[in-house]
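By written order: A, B, C and D. Residues from 1 in each chain.
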Amino acid sequence: MSLPAWWTTDVCAPFTLGPRRFPGRIWTASGCFAYGLSGHDMRTDGFATPYEGIGAVVTKTVTPAPRSGNPMPRLCELPTGAINSIGLENVGYEAFLAEVLPQLEDRGVPTVVSLAATRPEEFGTMCAALQEAAAGYRHWHGVEINLSCPNVAEGGHDFGRDPDTVALCVDAARSQLPDRALLAKLTPNVTDIAGLAAAAGEAGADAVSAINTVVGLDVDLNTGQPVLPRRYGGYSGPGVLPIALAKVDEIVRKTGVPVVGVGGIGSLEDALKFFALGAVAVQVGTAQMRDPFAAAQVAAELSRR
Amino acid sequence: MSLPAWWTTDVCAPFTLGPRRFPGRIWTASGCFAYGLSGHDMRTDGFATPYEGIGAVVTKTVTPAPRSGNPMPRLCELPTGAINSIGLENVGYEAFLAEVLPQLEDRGVPTVVSLAATRPEEFGTMCAALQEAAAGYRHWHGVEINLSCPNVAEGGHDFGRDPDTVALCVDAARSQLPDRALLAKLTPNVTDIAGLAAAAGEAGADAVSAINTVVGLDVDLNTGQPVLPRRYGGYSGPGVLPIALAKVDEIVRKTGVPVVGVGGIGSLEDALKFFALGAVAVQVGTAQMRDPFAAAQVAAELSRR
Amino acid sequence: MKRINPLKALGAVRENRPVSSGLLRLDLELEGSCSAEAGFAPGQFAMVNLPGSQAFVFGRPLSILDWQGRRVSFLYRVVGRGTAELARLDQGSLVDVLGPLGGAFPRLADDQAAVLIGGGVGLPPVAAWLARHGRPGDRGYFGGRDGADVPWSQLEGAWQVSVDRHESIPAGREAFHGLVTDMVASDPELADAGRRVVLTCGPIPMLRAAARLAQQRGWDCYVSLEEHMGCGYGVCKGCVIPVLDEKVPTGEGFRNATCCEEGPVFRAEQVLWERYGALPTL
Amino acid sequence: MKRINPLKALGAVRENRPVSSGLLRLDLELEGSCSAEAGFAPGQFAMVNLPGSQAFVFGRPLSILDWQGRRVSFLYRVVGRGTAELARLDQGSLVDVLGPLGGAFPRLADDQAAVLIGGGVGLPPVAAWLARHGRPGDRGYFGGRDGADVPWSQLEGAWQVSVDRHESIPAGREAFHGLVTDMVASDPELADAGRRVVLTCGPIPMLRAAARLAQQRGWDCYVSLEEHMGCGYGVCKGCVIPVLDEKVPTGEGFRNATCCEEGPVFRAEQVLWERYGALPTL
């Protein structure tokens, strides 16, 4: 499509978020493109790699300790998207810092590191370690704290549902992260997402990412039981696009906090909808799983205008 | 499809909700089948009317005063559903009682009357008037109070987001409604829908209906502005099915309140998913707009097993 | 006029072919027993849907060009997702039809003559009226983009044609260069003082121009309007048109009439034009 | 074996036809320049998707039956939404292919012989192995539901066939009545003490029986496993198989290996069978 007349932001140029300049506004979403080391050898006509033109890879969320994740099945495809319950399977932040991040730096992958924890102060610990390990890195641009992780201390509720906890987590991370962008990834499963965004902004986040997955469930009619062993999963893909747009709009209009839009983006048109509402960047998740060149494709179409 | 082995509820038989026996478990949802007077003359092979086998029509929400609704466009179709912003256009409860309800009684349409108000006590006033006008009616089975209406008194927030207000509304209605079923229709746009359901149940609701529409937005790429003049609309249709299933499951598991499932139902399979989770009945909304025989079709397939 | 009960039926595509550079004609053969004795009144429309397709959450409203028994025909232009899917249908494909819906253009009194004005995809209801109710004094005017856009094969008889761009006019055809309403205004045949009634369907600017012309000449005018629709059968209030009404309880001086049930045909002077027109012009 | 870089390309359907009562064969001709020099190793799979289709949020993993340059072939069974859409594709329709993905069955040492066991749609990877690497001592065993379900045309050469129901066996064909693994166990040709390696793909009970048989005989055994997949290329962790591993940091004695990247081929003794198998058996 040709770009609409209202379109002014120069999405091809680098842009600034907090203390960092990012090479582009089309990112991949956490959990949907692993650690940014996969697919470098993939080919398709028109692209050298799936990373071409991508502004940042938000890496799979890592936690203080490694996690083996949830039992299978972890994914359930629906006509309008998918629900997942991966259970934050990850190598742990120490292995990530030792083995993954240096490779990303070597390969020149613009990186935002996603972190989750069960106690606010752990965000500080992980950010401090990150800062120590990667202080001189050129391609590590920032941290996204994933606030949708079950908070063990508070009885299984999402961390991110309470503005005070959000502020504590952001504050802990910010205090250890002097010169990288700090993003707080918000859950949509709340009454007032703008309140969370405001809390994150006041506590020092440079931006918020919205949205994480929407709580969803599917039933296996053969058994009458939920498809996923933990009943609920995170709904993503085309069906959450209108929800993500509404949440992003709410945050933009009620707070001054920059927003990175995520949710249901599969095409240039979808991405432009977020930019039209004022998002500073967007992330491609489920569509990136379907097609390793999805984000690169959107970035290419944007720059081609 | 043939019905699964776990299936035990006898969905074809009448069932009881609070003080009333309903003729069936497949209903139409409020706002998607007008006042239950449309389409009686419609034909298709296999059905005498679109009302065949329907357990109840939940009528379009009526309010204390007539409302002319929102400006156009009021609907926006999406690949995964639709968002609407009808703005509760309705004739007002007095005209409804005088002109609509008697016709429904004459035609023998099993009816649940949907009411909305901006102050809790108005639910009492409307229920009292209803009780007076229709005390002897055989086909008027109950009232569904729509708690997703903007609460003018509290600054534009949905009535239904706060358990205390929910309780006040239910209580006001219940006190005037001795012998009809009382349902509270819940909004999904909250952190804790089970809390709302519990509040409704304690205040005397016989069941809750879940879910109303999910807040959504779409952007017109020609203008860069939201498609709907009021920016946000209510998202419904296939894309909300996994969300509705999760919300219903949450209510069923955390409270003892009977649930009527609504959201994204377009087929027997969809309906069975709600029944599998413990819903006592279901409502067909957007699919009923697409096809006046949608609910009748689901009811027929259920009874055919 | 006896109201025809709407029906829902599957229809198999008999033909689906271009009749001009921009317009396609879809001919269906309905299935099932209830469709055997169907019919319509010119001006009515149907909701057309693809069974099981995810392209359509709701049906697409299309004016009925013709409907006799099992045979229904439409004329349409590809404008978006839904009509693009329609254009891809092969012979034998199944389509869901709900109709006939809405009200019709009026029949005229013996001393009245019709001025039928169709712009682009606004042709079907006026063409259907002419085919069904036309009498010698009635005159049809069709406005197209250019000669290639005009569905000449569908315009036999009393039609005069105008085009925005005077290009691609087939040999042996004639077309006025300019707005269809200007062609009507300048037609000497309409200069007498006879009682005439304008029946029109097409883009909003054309409808307004037609309504103004009718007012100037003292003619009645009926317009067939379009709005976004959900249900098409009056249950969702998604398709309202503001119509003047002093007696509405809200006291706003107008009320919202459903395009699908009260309309799509309205008296032109009833329409609150300033508040109508959320649709992009085709 | 040099790893072949996976590619993404559109493929036009050359043929899409039943090869037995339950199995279809899909032959594609890939488009674009990057697919000119493609290839695969037997055991690898591809994610097959329909461009723009809403039936598929994710691709469908299908084992590669053959892939030489632009020509790719699959063998599949219709089990749900996605495969039903595949079965409807006409010649010339476009399909999205991402592959080759995952690991392959091993090549064998000179003193080893293969025992290839394919159950139903598990045939493609073992058939591909036999076609590519097969030597005279290798033996293929295919298990089908009945004679009509067996894709005889795809089983030329070294294959022996078993059927669950001894029905519809075509004239001139032979089939063992019973489980394919029982056929293997009772094959006198395998009774010697030669070094053999089982390479197998099919329903889980069959894989377990094959693994047990291999263990009893002291043979190596490689199984190609299926799991629900999201991405198919290792980025979502949606497809994990529990494999025994004493050294995992979580201390649980096993770890989750991605079926799409570490697999789909695993050594049978590596698999924690008790925890594997969330998929309904085909």
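One rule holds in what follows: a residue touches a chain if its C-beta (ideal position, glycine included) is under 8 Å from a C-beta of that chain, and two chains touch if they have at least 3 such contacts.
Quick caveat: nothing in here was measured; it's all calculated off a predicted structure.
Going by the contact rule set out at the top, which chains touch both subunit A and subunit B?
Touching subunit A as well as subunit B, we find no chain at all.
Of all chains present, which has the mean Cα position farthest from that of subunit A?
Farthest from subunit A by mean C-alpha position: C.
Just give me the whole-number Å value for how far the CA centre of subunit C lies from that of subunit D.
Result: the chain centres lie 57 Å from each other.
Express in whole angstrom the distance between the two chain centres, defined as the mean CA positions of subunit A and subunit C.
Distance between chain centres, rounded to whole Å: 49 Å.
Roughly how many whole angstrom separate the Cα centroids of subunit B and subunit C?
The separation of the two C-alpha centroids amounts to 35 Å.
Residues of subunit D that touch two or more other chains: which are they?
54, in rising order.
Residue numbers in subunit B touching 2 or more other chains?
78-81, 222, 238
Spell out the residues on subunit C that touch subunit B in their complex, using ranges where they run on.
Where subunit C meets subunit B, its residues are 3, 5-9, 32-34, 49, 54-59, 81, 96, 98, 227-231, 233-240, 248-250, 252, 255-256, 261, 275, 278-280.
For subunit B, which residues count as touching subunit C in their complex?
The touching residues are 31-34, 38-39, 41-45, 60, 65-69, 71-82, 84, 86, 89, 92, 95, 222, 237-238, 286, 288-293.
Where on subunit B is subunit A touching in the complex?
Answer in residue numbers: 1, 4, 6-7, 78-81, 83, 161, 189-191, 214-219, 221-226, 231-232, 235, 238-243, 245-246, 249, 269, 272-273, 276-277.
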